[in-house]
Amino acid sequence: MGMVGGSTDAFIGAVHRRAAIMDGEIELVCGAFSSSPEKSAATGAALYLPPDRVYANYEEMIQKEKELPEGERMDFVAIVTPNHVHFPPAKLALENGFHVVCDKPLTHTTEDAEALVKIVEESGLIFCLTHNYTGYPMVKEARELIKAGALGSIRKVIVEYPQGWLSTLVEATGNKQASWRTDPERSGAAGGLGDIGTHAENLAEYITGLKITEVCADLTIFVEGRLLDDDANVLLHFDNGAKGILQNSQICNGEENDLNIRIYGELGGLEWNQMEPNTLIHKVQGSPARLLRTGVGALSEAAQAHTRIPAGHPEGYFEAFANLYRNFALAVRARWEGKDQDPLYDFPDVYDGLRGMKFIDTVIASDKSDEKWTKFIV
Amino acid sequence: MGMVGGSTDAFIGAVHRRAAIMDGEIELVCGAFSSSPEKSAATGAALYLPPDRVYANYEEMIQKEKELPEGERMDFVAIVTPNHVHFPPAKLALENGFHVVCDKPLTHTTEDAEALVKIVEESGLIFCLTHNYTGYPMVKEARELIKAGALGSIRKVIVEYPQGWLSTLVEATGNKQASWRTDPERSGAAGGLGDIGTHAENLAEYITGLKITEVCADLTIFVEGRLLDDDANVLLHFDNGAKGILQNSQICNGEENDLNIRIYGELGGLEWNQMEPNTLIHKVQGSPARLLRTGVGALSEAAQAHTRIPAGHPEGYFEAFANLYRNFALAVRARWEGKDQDPLYDFPDVYDGLRGMKFIDTVIASDKSDEKWTKFIV
Amino acid sequence: MGMVGGSTDAFIGAVHRRAAIMDGEIELVCGAFSSSPEKSAATGAALYLPPDRVYANYEEMIQKEKELPEGERMDFVAIVTPNHVHFPPAKLALENGFHVVCDKPLTHTTEDAEALVKIVEESGLIFCLTHNYTGYPMVKEARELIKAGALGSIRKVIVEYPQGWLSTLVEATGNKQASWRTDPERSGAAGGLGDIGTHAENLAEYITGLKITEVCADLTIFVEGRLLDDDANVLLHFDNGAKGILQNSQICNGEENDLNIRIYGELGGLEWNQMEPNTLIHKVQGSPARLLRTGVGALSEAAQAHTRIPAGHPEGYFEAFANLYRNFALAVRARWEGKDQDPLYDFPDVYDGLRGMKFIDTVIASDKSDEKWTKFIV
Amino acid sequence: MGMVGGSTDAFIGAVHRRAAIMDGEIELVCGAFSSSPEKSAATGAALYLPPDRVYANYEEMIQKEKELPEGERMDFVAIVTPNHVHFPPAKLALENGFHVVCDKPLTHTTEDAEALVKIVEESGLIFCLTHNYTGYPMVKEARELIKAGALGSIRKVIVEYPQGWLSTLVEATGNKQASWRTDPERSGAAGGLGDIGTHAENLAEYITGLKITEVCADLTIFVEGRLLDDDANVLLHFDNGAKGILQNSQICNGEENDLNIRIYGELGGLEWNQMEPNTLIHKVQGSPARLLRTGVGALSEAAQAHTRIPAGHPEGYFEAFANLYRNFALAVRARWEGKDQDPLYDFPDVYDGLRGMKFIDTVIASDKSDEKWTKFIV
């Protein structure tokens, strides 16, 4: 693995590194960790990389690595930069024959996203978008329960992603994480909606297997001086007639990172909270709720395939993230071995990424419209 | 207290009776418990009432009681019938000089509600609408914290009232509670929206002190054969610029009676759940959340005035309901004694009831409109 | 009902009154509320009792009421005084033909308790000891599940009753509740052990149907200047070979009134917490835990018989307490009607009370002993 | 790092490997993974180790690695075998100049433990015992709060470690984890007491800074046919006069891995549960409890030094375990650099291990004794 971005003062780069190496299938061999060659070199040194595998920029990395003999050169590129630097390295990597893991949202603009879909398709290479929350075992279990009909037809979906860390104008204090996320130049047309709302959209569609078809959105910038949305309330219509609510926020004072979802169908309901990820509550009217727990009892093959340790030993954020990297690595290995990718070891791809970008556009369009409903078409 | 409705097979009548007598301030002295004189008589007997104080109908009750000497006759009427039988007995009672406690929603139609407001005003009598959830001590505490500025300016309000008991066509099985609630003739223009959505609206406005000014609504009838809404998703705008979501449902499979609210302001957040009513969570970004508990520590005078017992001895639904009756009784007593009503011992009134009726109309109008926002004007 | 004790500044008297009247089966008709005739009179007035039914002391009450015609006089006596004033009025009431409801622990000394058992037996009257926590519907459910074999043979029982309110020398501050509870003259040989430890003992035996046969106890007075135990850690042996732990404390800083129990058998486990009394967790190794909830689904007849309202409307401390009074009233009525008492509507009796007194003695003896195990024999 | 034990069908070996590599400071370079050379070779291959660094047994590994040039040979040995194979490889490694990380309990017998202490002392090398639960950030926070006096003098400690996985005779079904743990030849004199009870003892002493001085124990074998204790109830006395309870069990049907601790002092209380490890509840009588959360607000330097990611991204079992390895690696690096070990980055050592072995002996002796109290002397 070669990494683009992720210098030592970044947040998500270290997450990707820990996730990548967790299962012993992936090794970091090179990187262009920063737009500053000095920072990149320092990061490489801190990671015990040989100096000649630490590059000044991603262009150099991709070119030099390509020149190395197979088996020695990196097998894929992990892109962990701010949103506006997703597309260029992804494009270059794919055009030079490298598989790609990319942080979300997919790109800075929808045009780039559509271009990237074509590039991936033409390259035939493997592309993983890190909608990491789908890597949790209990998310897999929820999806399998619904597939198996445990809820019957879905009627209502409530997905929420409240955070509180941007309750004040943090970006004015020099906080690096806040600065780029609230800057249209680096983040794109959306603030919180792109940063966390797309996770919520992806999670809802992933678990239910449904597609959102219409939205009615109310975006707000609550903190004076901020340039992008820090709160979103969205009504949803799904393709089977289900109704829903998506809300995300960065001004929910005191909330940490509380992605959660509740799904109700004709026969039962499910509830999952990212902050207690190893519990999935299964409800049925007139019966005791059942607390499904990671590692306990007869869970789906999918849940089991994404669990490392017996019940009661909490697996968390890094482990869920690592499940994407592990599955990506298995896909790459399958490719090497001429095998098909095993659907049990799934991960989000470039189409999920395009869908997220279009979701951003649709919600923003809805917010600006006086019409109640805006179609969500990809 | 004389009761209209509430025969032994009803649900809410027994609640009102237990609530009324809990604090030793109110005694049931007579009733017209059913449109069936036999049922009324049987209920009266089961309640140990003398047969001559059990009436065939409310008209008879009001007339006969009026003829009794003061001190012997009932002091007020409690109306616990289905929605379409709220207005007539309320009107008659007020016109004959009796104070009134009435279940919500106020009336069957908004016209009746407006008429009732006038009748109450002209009568100068005391009217209590049993939006009982405002009787919980931790609801009082939340309101006082907000009044005192603990959250700063409110930004976001999420109020939910999910139930699951109407996940199937229960009204077709002879269930009395389901039958009238889903019947436009008895329930009014709204189903779940009127039954529980108005509680949510009332709670949000009561705690925050804000007024909803616009709504964007999506109502659904999910269960085939049902005549009224069993699910509502509503975006809210408040008069201070706050945004919100109100959702209520009777098809949330496995949910019991989970009224809950989350409120976020510039300085902090609050969370309260009716099913664990003695806990109020106070959140502040970057600080540990505080678990405020009924009876623990320096709570507001309002919270303390609605608590009967030391901490850790759970008070619940009946006690909160009883707080309304106790406060109503104090208001009646103050009237007798020529004193002002103490604002510490508050209860919802006919204006809350009118507001609820208009909320129903507004949400229904919004649901039918293609415009995104519909003004909420009372 | 005539009440002994329970003046307006007491805690448990008001609880008994609310519990007694909740279901409309019992009416307070007279009382001797305080050793101070003035306080008694004031309490009677506050309760709207006619002055001639408010007595200066319990002797007078019992004598005068006995002289009233049947149907007019009180049907039973409720004793809500400090522990040292349980036995005398109970004895007098029984000897004069009145049924008795008595707060726990039964008496001030075990000698009195044994005497009282004989008096009850000789009188043939009905005696209820208010171990109120057994009145919760989910406690009934737990007992029925175990009776029905859901756990198989019980192996381990952990029962706890932590409070924190005596973490400091509250009794030195004039707190009335603290003063008598920590005073050997009024409380008896035990402090917290008698006040709350006996509830824990009673609950464990009630739910499991087992009897404690041996204890190994470690009592402590943590707060300097206190005269009676404020903390107890006790190992238990049960008659079927099960092992257990009972701990109660009044110095668990920050705990409110957290009586809780966990029971493990060959086939499963149960967990119940008094502070969230409407949930009973049923655990089975290798299966999802089931959240049994008051009012939800196919609960035992016993649980249903002690529930007043549909699921999700929390019933609490008063309602559980009221279940004892309601059941006692049904027993009295059955007696009047010449019927047998229905075992479905059970309540603790004088034998439970004697057992509690002997438990206190046994734990104190064990605490003083160097032997590991002390037999618990009643 | 070279590993002894931990073939692919083991549980704890994979945990150690993930923990070791998580922070990029440690690399697995060699191993003797099984007493079966074939299994060892297969495990090495699965881990992408070069075949010449995969050894048939630990003797060979230590000898061969020692012959490699510095910088190329392993820096330390990680021992993850069943208890009876802790001492021999630890001894050999230390005697050959390798630092050691060893799973707990320290050894098979107390004699070995005492011998090992001497060997460590004589070697001057670094020894880490993986009492991994002390690696959680909120455990560090609890310890720091107590050190800082937030609870005042400690009065009561309740530490529990219930599991349910040995509720039946699992060891008779060929379950490898169950087999060695319940076999005196491989596990030692204790079953659950050694496996999990020592974690509880270590945690209680680590957080409180107190030492247990006396115990009163009740051990049981509940499952017929089992050879070692599967349940322990123990009363504790601490060196400052505090009292306590320790209970561990493997027959608590339905429990997963629920290590938890409650500590009460003069000024407040703390509660922590391993299964929700990122929350620490701080209680104070008469005040709202505070929910301390990993990553939120002004936590101790110690808590912050063991956290990798912002609040709300749950870190779990692997991350806590990795904190021990990271701290061990820092200690080794400090040694290389001639620096002192930074006390902020602490980890359990051979003295904790000896204490655990003596605790096992003391509890077993107490269980067999008729005396109430047995001294715990190390």
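A, B, C and D are the chain letters, set down in written order, and residue numbers restart from 1 in every chain.
Basically, a contact is a pair of C-beta atoms (placed from the backbone, for glycine too) under 8 Å apart; a residue touches a chain by one contact, two chains touch by 3 or more.
No experiment lies behind these values; they were computed from the predicted model shown.
Colleague: Comparing the two chain pairs, does A-C have more C-beta contacts than A-D, or is it the other way round?
Modeller: When A-C is set beside A-D, the one with more contacts is A-D.
Colleague: If you average the CA atoms of chain A and of chain B, how far apart do the two points sit, in angstrom?
Modeller: Inter-chain centre distance comes to 43 Å.
Colleague: Compute the distance, rounded to whole Å, between the mean C-alpha positions of chain A and chain D.
Modeller: Result: the chain centres lie 34 Å from each other.
Colleague: Any idea how many Å lie between the Cα centroids of chain A and chain C?
Modeller: 55
Colleague: Two-or-more-chain contact residues of chain B, please, as numbers and ranges.
Modeller: Expected reply: 165, 255, 287, 289, 293, 296.
Colleague: If every chain is a node and each touching pair gets an edge, what shape is that graph: line, ring, star, complete or other?
Modeller: If you draw each chain as a dot and join those that touch, every dot ends up joined to every other.
Colleague: Considering only the defined contacts, which chain D positions touch chain A in the complex?
Modeller: Listed in rising order, the residues of chain D that touch chain A are 11, 14-15, 17-18, 21-24, 47-48, 163, 165, 255-258, 274-277, 293, 295-296, 308-319.
Colleague: State the interface residues of chain C toward chain A in the complex, per the touch definition above.
Modeller: Contacts found on chain C: 282, 286-293, 296-297.
Colleague: For a test of understanding, state which residues of chain A touch chain B in their complex under the given definition.
Modeller: 151, 155-156, 158, 164-165, 167-168, 216, 218, 220, 222, 231, 233, 235, 243-245, 247, 249, 251-255, 262, 264-269, 283-285, 287, 289, 369-373
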